[in-house]
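We call the chains A, B and C, going by the order they appear; numbering starts again at 1 in every chain.
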Amino acid sequence: MTAGVVGRARGLILPLALVVLWQALASIRGIESDTLAAPVQIVGALGDALVNAEFWIATRDTVLSAALGLALGGVLGAMTGLVFGLVPPVSRLMRVPVEVLRPVPAIALVPIAILIFGFGYALEVAIVAFAVFFPVLILIEAAVRGVEPRLTEVARLLRLSPGARIAKIVVPAVLPRAFVALRLAAGLALVVAITVEIAANPMGLGARMILAAQSLRAPDMFATLIWVAVLGWAINAGLVRAQAALFPDAQRPR
Amino acid sequence: MTTVQAARGPETPIMAIAGASVSFGAARVLDGIDLELRRGEFVCVVGPSGSGKTTLLRLLSGLQPATTGTVFHQGTVQNGPARGVAIVFQDYAHALLPWRTAAGNVSLALEAAGLPRAQRADRIAALLATVGLAAHADHFPAQMSGGMQQRLQIARCLAQDPDVLLMDEPFGALDAMTRQKLQDEILRIVAASGVTAFFVTHDLEEAIYLGDRVVALEPNPGRVGAIFDVPLPRPRTQLSTREHPEFLRLRRDLFDFIQQFEP
Amino acid sequence: MIGVPRSVLWFLGSCLVLVAGLGLWQVLADSGAIPRAFFPGPDRVWTALHRGFSSGAMIGETLTTVRRMALGWALASVIGVGLGALVGLSPWMRTYVAPTFEGLRPIPASALAPLAVLAFGLSDGMILALIAFGAVWPMLLTTVHGVASVHPRKAEVARLLGLSRLAYAWKIALPAATPDILGGLRLGLTVALILAVVGEMITVQGGLGARIMIAARRFNAADIFAGVALLGAIGLLTNAALSQIEARLLRWTHR
């Protein structure tokens, strides 16, 4: 335990030293650049932002779009993955269409989505859903395939109906791996939501960052960037804990 | 192959351990070990679990430093791995490089020794032929059976041109038939190269069948309990050697020795 | 049909499904069931592609995007694998430097776009820097992991043979980490394409990303779909090329 704490403390030395050095350089020489901001300025900007209603609206917009997109794409992907996993011929027949659509970068669909939905939530939710759909589909299909054959035999011996077989055997067996898929997809959803905002959609934290950058407000840009990172860490950490609580037997995530 | 050291003479032990102990933290694994390996002999080590067989082998290899005491190689103090001492590990799958072919794995030892590229091919071919893998030079380890992979590891060790060959339960993971075949192979290879062999095993019969001497360790902490001379004639054969009255007597003695430490 | 492997039949069947899907799209577009302004039929997308290629403009845009993606990816590979090997091989660097990398990992690569804009302005250099900086992380982290998790037995073999540190890195650690490194390169390739598009959308400095953004402003759906199809093709082909290289480099893992 102590060794772990010491190990972590050692890992903190480099970033802390860099921040101190950065601040020292900024204080001594004075920052003339539009690109960089001193750590003190950034912390100040973050402090200002955290008491600013618009900042929280931006945060809500980003998180809500990511969550809705995750829900939509995740449910569709999981259901498709379930069907693909349970009925191999369907999976084999859909192989080529899936492999052709999968490499399309979700962000490239933004212009189409703008035509259809205009700017706003719908645009972002649609892109996030598309981005999340394929990874979830593939992970769930693999998880269904990986269900212990012995369990399927048990289901057959018990003469369970197909519906009961899915509800009582497949879904519970797949659940731990489905949660891993959810965790990965949640991280992806946040990234895609912010990317859409940076590239086009004038709302949320992404738009805030790109606006700050274009109007040369470096402290604001860095403050928002740090906030985005904190959100990413918090979501991942929360899901890791939830996973450990819900599926204590499942393999620990790396 | 054998280098006769005029200065020290053939009577100097090739390796010697003097009053050595090894501790991991508070746990003493080996205690007060004194042991000499004579030039060209085949020494086997047996002992119940916890007697530090593998630690003893690693001590000789230089991978494991002695906590107290000294290890000598060729009459000088040994402070770490030396190219003259080779190890055949039990877990051949981890000891071989899976991305190199059989020839490439042997080549690694030659590259480490700085042998010019032009001279490697002949050496590799000869070494692979020695262990019976001439036809598999281009195969990757994953394409070979366990027995073949272990032969390959032996070939790589021979490529080091060692004067001492340490083997850590090398045939422990192999099936009985392959095991017997490799026992005869290793006897032939050791005899042909004149190398000194140090062979750790948990199989008492294997120890008697292969060894000139069998060192029996006692556990907690590991000490040399007894050393048995094996006066069985060579060459040895699987059927007649194992039926030899001396073989049966030694087996009985060793069994009795080990038995006292089993719960 | 005797002699044709089943997998080939399934593949052909699957191709038919794709063709049927395109056909359905065409029928729906022609019947007006879906708005043509948003979903032009495959015929109009094909026409847009054909027009774009015969004028030469689209070839240029495609090459621009591919060039940026390849350059940024190559830069990221060199830095990521090189630095990753250095950190992974040194216990000191693993203790003091690696946690910083791990801590930076959750920052979305695209979130660095505003930073790149600040540093480089809306320029070609900004796109390249964005791609290189974003794609470097997966490569760096997988290389550190791969190089640091070489089985200790192999390190012992290296010690026994008297290999130098450099020889250990070159002959044992890096080959052993190849599967991990290739995984990182593959992830980096996906990231590189995404960031090329994002960068082009923001800066509008040529390339397919800029082209589809401009097409959107002109409400030219056929042109957008043509650009998206090309981006998908780039993703598909670069991934397939990497798979070929991977299969060759990882021959030894197959029995």
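Annotations
Just so it is clear, a residue touches a chain if its C-beta (ideal position, glycine included) is under 8 Å from a C-beta of that chain, and two chains touch if they have at least 3 such contacts.
Fair warning: this is a prediction, and the values are worked out from it, not measured in the lab.
Taking the mean of all protein C-alpha atoms as the reference point, the chain centroid lying nearest to it belongs to C. Look at the CA centroids: the one farthest from the centroid of chain C belongs to B.
Taking each chain's centre as the mean of its C-alpha atoms, chain B lies 49 Å from chain C. As a whole-number value, the distance joining the C-alpha centres of chain A and chain C reads 18 Å.
In terms of their C-alpha centroids, the spacing between chain A and chain B amounts to 54 Å.
Within the complex formed with chain A, the residues of chain C that make contact are 10-11, 13-15, 17-18, 21, 37-38, 95-100, 102-104, 106-115, 117-119, 190, 193-194, 197-198, 201-202, 208-209, 212-213, 215-216, 219, 221, 224-225, 227-228, 231-232, 234-236, 239. Against chain C, the residues of chain A that register as touching in their complex are 7-8, 10-15, 34-35, 92-97, 99-101, 103-112, 114-116, 187, 190-191, 194-195, 198-200, 206, 209-210, 212-214, 216, 218, 221-222, 225, 228-229, 232-233, 236. Interface residues of chain C, counted against chain B in their complex, comprise 151, 153-154, 156-157, 159-163, 167, 171-172, 175-176, 178, 251-255. Those residues of chain B that touch chain C in the shared complex are 61, 63, 80-83, 85-87, 89, 91, 94-95, 97-100, 108-109, 111-113, 140-143, 160.
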